[in-house]
Amino acid sequence: MPDVSNAVTVESLVKRFGDFVAVDKINLEVRKGEVFGFLGPNGAGKSTTIRMLCGLLKPTSGRATVAEFDVSKNPEAVRQNIGYMSQKFSLYNDLKVIENLRLFAGLYSVPSKSLTSRIEWALQMANLKGQENLITGTLPGGWKQRLALGCAVLHKPPIIFLDEPTSGVDPITRRQFWDLIHQMAEEGITAFVTTHYMEEAEYCNRLALIFRGRIVALGTPSELKRNSMSGELLLVECAPLGAAVEALQSASGVMDAAVFGNALHLVVRDAAVAVPQLEKFLAGRNITVSRMEKIRPSLEDVFVSITTNEEVSK
Amino acid sequence: MTEQSQSAIVVEGLAKSFPGVRAVDALSFDVRVGEIFGLVGPDGAGKTTTLRMLAGIMPSDAGTATVAGFNVALDPEGAKHSLSYMPQRFGLYEDLTVEENIRFYADLFGVRATERNLRSTQLLDAAGMSEFRMRLAGKLSGGMKQKLGLVCALIHRPKVILLDEPTTGVDPVSRRDFWRILYELVAEGVAILTSTAYLDEAERCHRVALMHQGKLLFCDTPVNLKANMGKGVLSIIAAEPRRVRNELKDAEGISSVLLTGDGVHIVVDDAARRIPEFEARLKHAGISFDAILKVAPSIEDLFVDAVSAGVATHA
Amino acid sequence: MSLTRLLAVARKEVVQILRDSRSLMIVIVMPAILVILFGYGVNLDLKGMPVYVLDRDGSQQSQDLLKHFQNSEYFHISRVVTDYAELTRALDDGHAKMGIVIPWDFSQRLRDGRLIEVQALVDASDDNTANVLIGYTQAVVQNYSAQVQIDWLRQRGLAIQPAAMSVETRTWYNEDLESSAFIIPGVLALVMSVIGAFLTSLTIAREWERGTMEQLISTPVTAMEIMLGKLAPYFVLGMLDTIMTALIAIYWFHVPFRGSWITLMIASAMFLVVVLSLGFLISVLAKNQFAASQIALLVTFLPAFLLSGFLFSIEQMPIVLQGITRILPARYYVSVLKKIFLKGTSTSMLYADLIPLTIFTFVLALAATRSFHKRLE
């Protein structure tokens, strides 16, 4: 199948630093117009992979193309065709909005005849029309995020890399921001998001979980919750809580038991089988159960489940 | 719960302003002994300012705050013997070893050497950090630094612990470890007030106060908050989420529609009523979808709903 | 006040100093460098100043005069020239600091008993040097002149009158007029300024900058414990450095030490408290380490260098500056240092300097204790 519809293709990509293998043969494809999430804890190989895809670091072996350019052979072309929005706010706080836009237009070599129209477009998209002369440092957080995004796409790159773009931002602003990303995706701009913030991952069309340099799960958020979780999640409300969690940790069929607020979360192999068994188990220990039901795992549950298995299998 | 409902922290009408900004606006809540209380809200909501005032390191403009029995405005130093504060930014010394940091804080709280040695061994074991005693704090990973912070905070057996976004940037597995330690602590009768910008973390607290722009929006257990929301939340998984959203966004009964990566998340007035309505509508428009499910509202749904509606309730 | 807490703060500070190579360099190496620099590098003495001579007479007598110049250690006749232009060129180039022109009728006038004028051309681009040279020249010439007169009288069989007046100079306290002895005691003040103010100025600012202060002030430790705990190590280091620098001065540079060690230690301790208090104040008030260190240098090291009397004598400064030196603690300390090293002044004679120093100590220490609050704002 031709690579034409893929914004990013990665084949057996490896990066070694001396003896340490930071990225260990990863494969993935990101389609044009997709919002793709790259999830993993710090040190898992996320940043190294991103740097390679941005043409900032040379791979040890394997191949990757971004916007149809090979990252090893043509890193300069790659860099000119991507936008990058970093986690730490990288705009100049003492410049006005319009000045930041002009600065980045210059940095990305936006041709002078399209300058005005591109800046207009960025202002429009970021909902900052009329605010051009405000000093960037005085803008509320959400506006700054939008401005940063605007600056990252002035040169209308086919693909943008976003590094934890909305951590700490309030949910409403976050939703507006992601609406923006989806809007751009509709216009054909691909978004490659890195994060270890599970709430952000839900906004992505597809996700790849990276752990210790390898991709341990790949799919839509729903697919991951359905397929990648070993076992099923139960919510148990009972009293006394402390005694219950201790007893349950050694109960058969229970893979993990942890306190969660005023209740317990249990990971069991089969919910249908476990529920009646456990009710009996707890009753036998004088623990009253007020609720026990299967619940959908969150992406965090999935993540912990996968990484714990990976640990065990090593 | 059978714990006594004594209050370890009582806040009434607490306020603090900075030039041009009302950081904390007439805040009132209480934290009980043996409870994990979450102060939840995005950056700029006033969480850090509140914690700093309770820790006695920032004066308030108005209102009262009582921590471990001491009025913090009148006697900021009094409470410090019984409390621990972990600021948002790593507050320990990167050029000192794990052991040296622990010793320093133990001395500051007057913990004797024998007790200190016993307790630090215990705590480091629990945190899985025993082999890192001699390592410089600056060389620890993010998750380990937070755990070290917690060890230093617990060395003198405080009655109240104030944590400012302790799990920001920490990976999910370390986060779980961290929470496990917190749950063990409250079982021993400690009161914990923690702030977080991760709304999903609010679910792990016994009670939660949602803050927005210095004000308190809600204060109750997560379960009650969701039950009292009075709205239903639907999740529609579909191959083309955008089409689904566009089709349904003006439908009757909808409070908000959110596009997620692989579906649509809708807040409606009456789930039972709207599900068949939407199913019919989508079928009629020829838009395929997996299923329309009623899901439990998340704290984020609550938050967004409240802020958009401009509603603030006290529990 | 809890001794445990205070010691904990002090211990932490010591560990941090030991682990910071830059601080260590400053504490150990810098004092030695300063002493060596000023001991060897600065020499205010004028010895062997190059002189060019144009002797138009060329007689026995003119040679005699020139021998007087040559014998003086202050002059060195480096060249005898044959024309005036060469002389002036040498002065322009700087090859000569002075030029002597002996007139063609020197010996003749001498025989006739007439007034002789010997011309001395002095390079006054450095007027200090020029003044000294002129002074020495006049001395040499007058000496020669007196000698000539005595010879003349003797030749005529007249009674030799006893010299009407002669000036016998005795240089006390610095017999060799070694400028290093004059300068080196003052180096102690410089060393203290760096350790006391510069290093200390970083201590509080650094904790705010790194975010560790926020957590520290949430504990029961008091402001006084923090201050004393942080300053104690620097005090000890400062005193050790004082002793080290004094020993280098005495045993390596042979600067005389005639006073009391106890007085030296007391005065040094007081000055150290002064600079420590200043450093602490600056650290509390400045927002960051960089600003703090710059201010510390500006307020302590620079005045100690320029205005304390360490290198440049206060009496020769313009009146306004002299007035300013009165509010510089360093001035009093340097004065005490010189008196202890070179004069061996008894302590009771030092009160004029010690009392202002004591006042400064108390005032600044008080200001420092009041300045720091356990509060974020």
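Per-chain residue numbering starts at 1, and chain names A, B and C are given in the order in which the chains are listed.
Keep this in mind: contacts are C-beta pairs under 8 Å (C-beta built on N, C-alpha and C of every residue); 3 or more make two chains touch, one makes a residue touch a chain.
Bear in mind the structure is a predicted one, so any value in this text is a computation, not a measurement.
Common neighbours of subunit A and subunit C, listed by label, are B. Between B-C and A-B, more C-beta contact pairs are found at A-B.
Chain B has the Cα centre that lies closest to the mean of all protein Cα atoms in view. Seen from the Cα centre of subunit C, the chain whose own Cα centre is farthest off is A. Subunit A and subunit C have Cα centroids lying 66 Å from one another. Centroids built from CA atoms put subunit C at 63 Å from subunit B. If you average the Cα atoms of subunit A and of subunit B, the two centres end up 21 Å apart.
If you check the complex, the residues on subunit C that touch subunit B are 2, 4-5, 7-8, 11-12, 15-16, 19-20, 210-212, 214-222, 374-377.
For subunit B in complex with subunit C, the touching residues are 52, 55-59, 76-77, 80-81, 83-87, 89-96, 100, 103-105, 107-110. By the touch criterion stated above, subunit A contacts subunit B in their complex at residues 35, 37, 41-43, 140-141, 167-173, 175, 178-179, 182, 186, 196-199, 201-207, 220-223, 239-240, 242, 258-262, 295-296, 298, 300, 303-304, 307-308.
Those residues of subunit B that touch subunit A in the complex are listed here as 1-2, 36, 41-45, 141-142, 168-169, 171-173, 176, 179-180, 183, 187, 197-200, 203-206, 212, 221-223, 237, 242, 258-263, 290, 295-296, 300, 303-304, 307-308.
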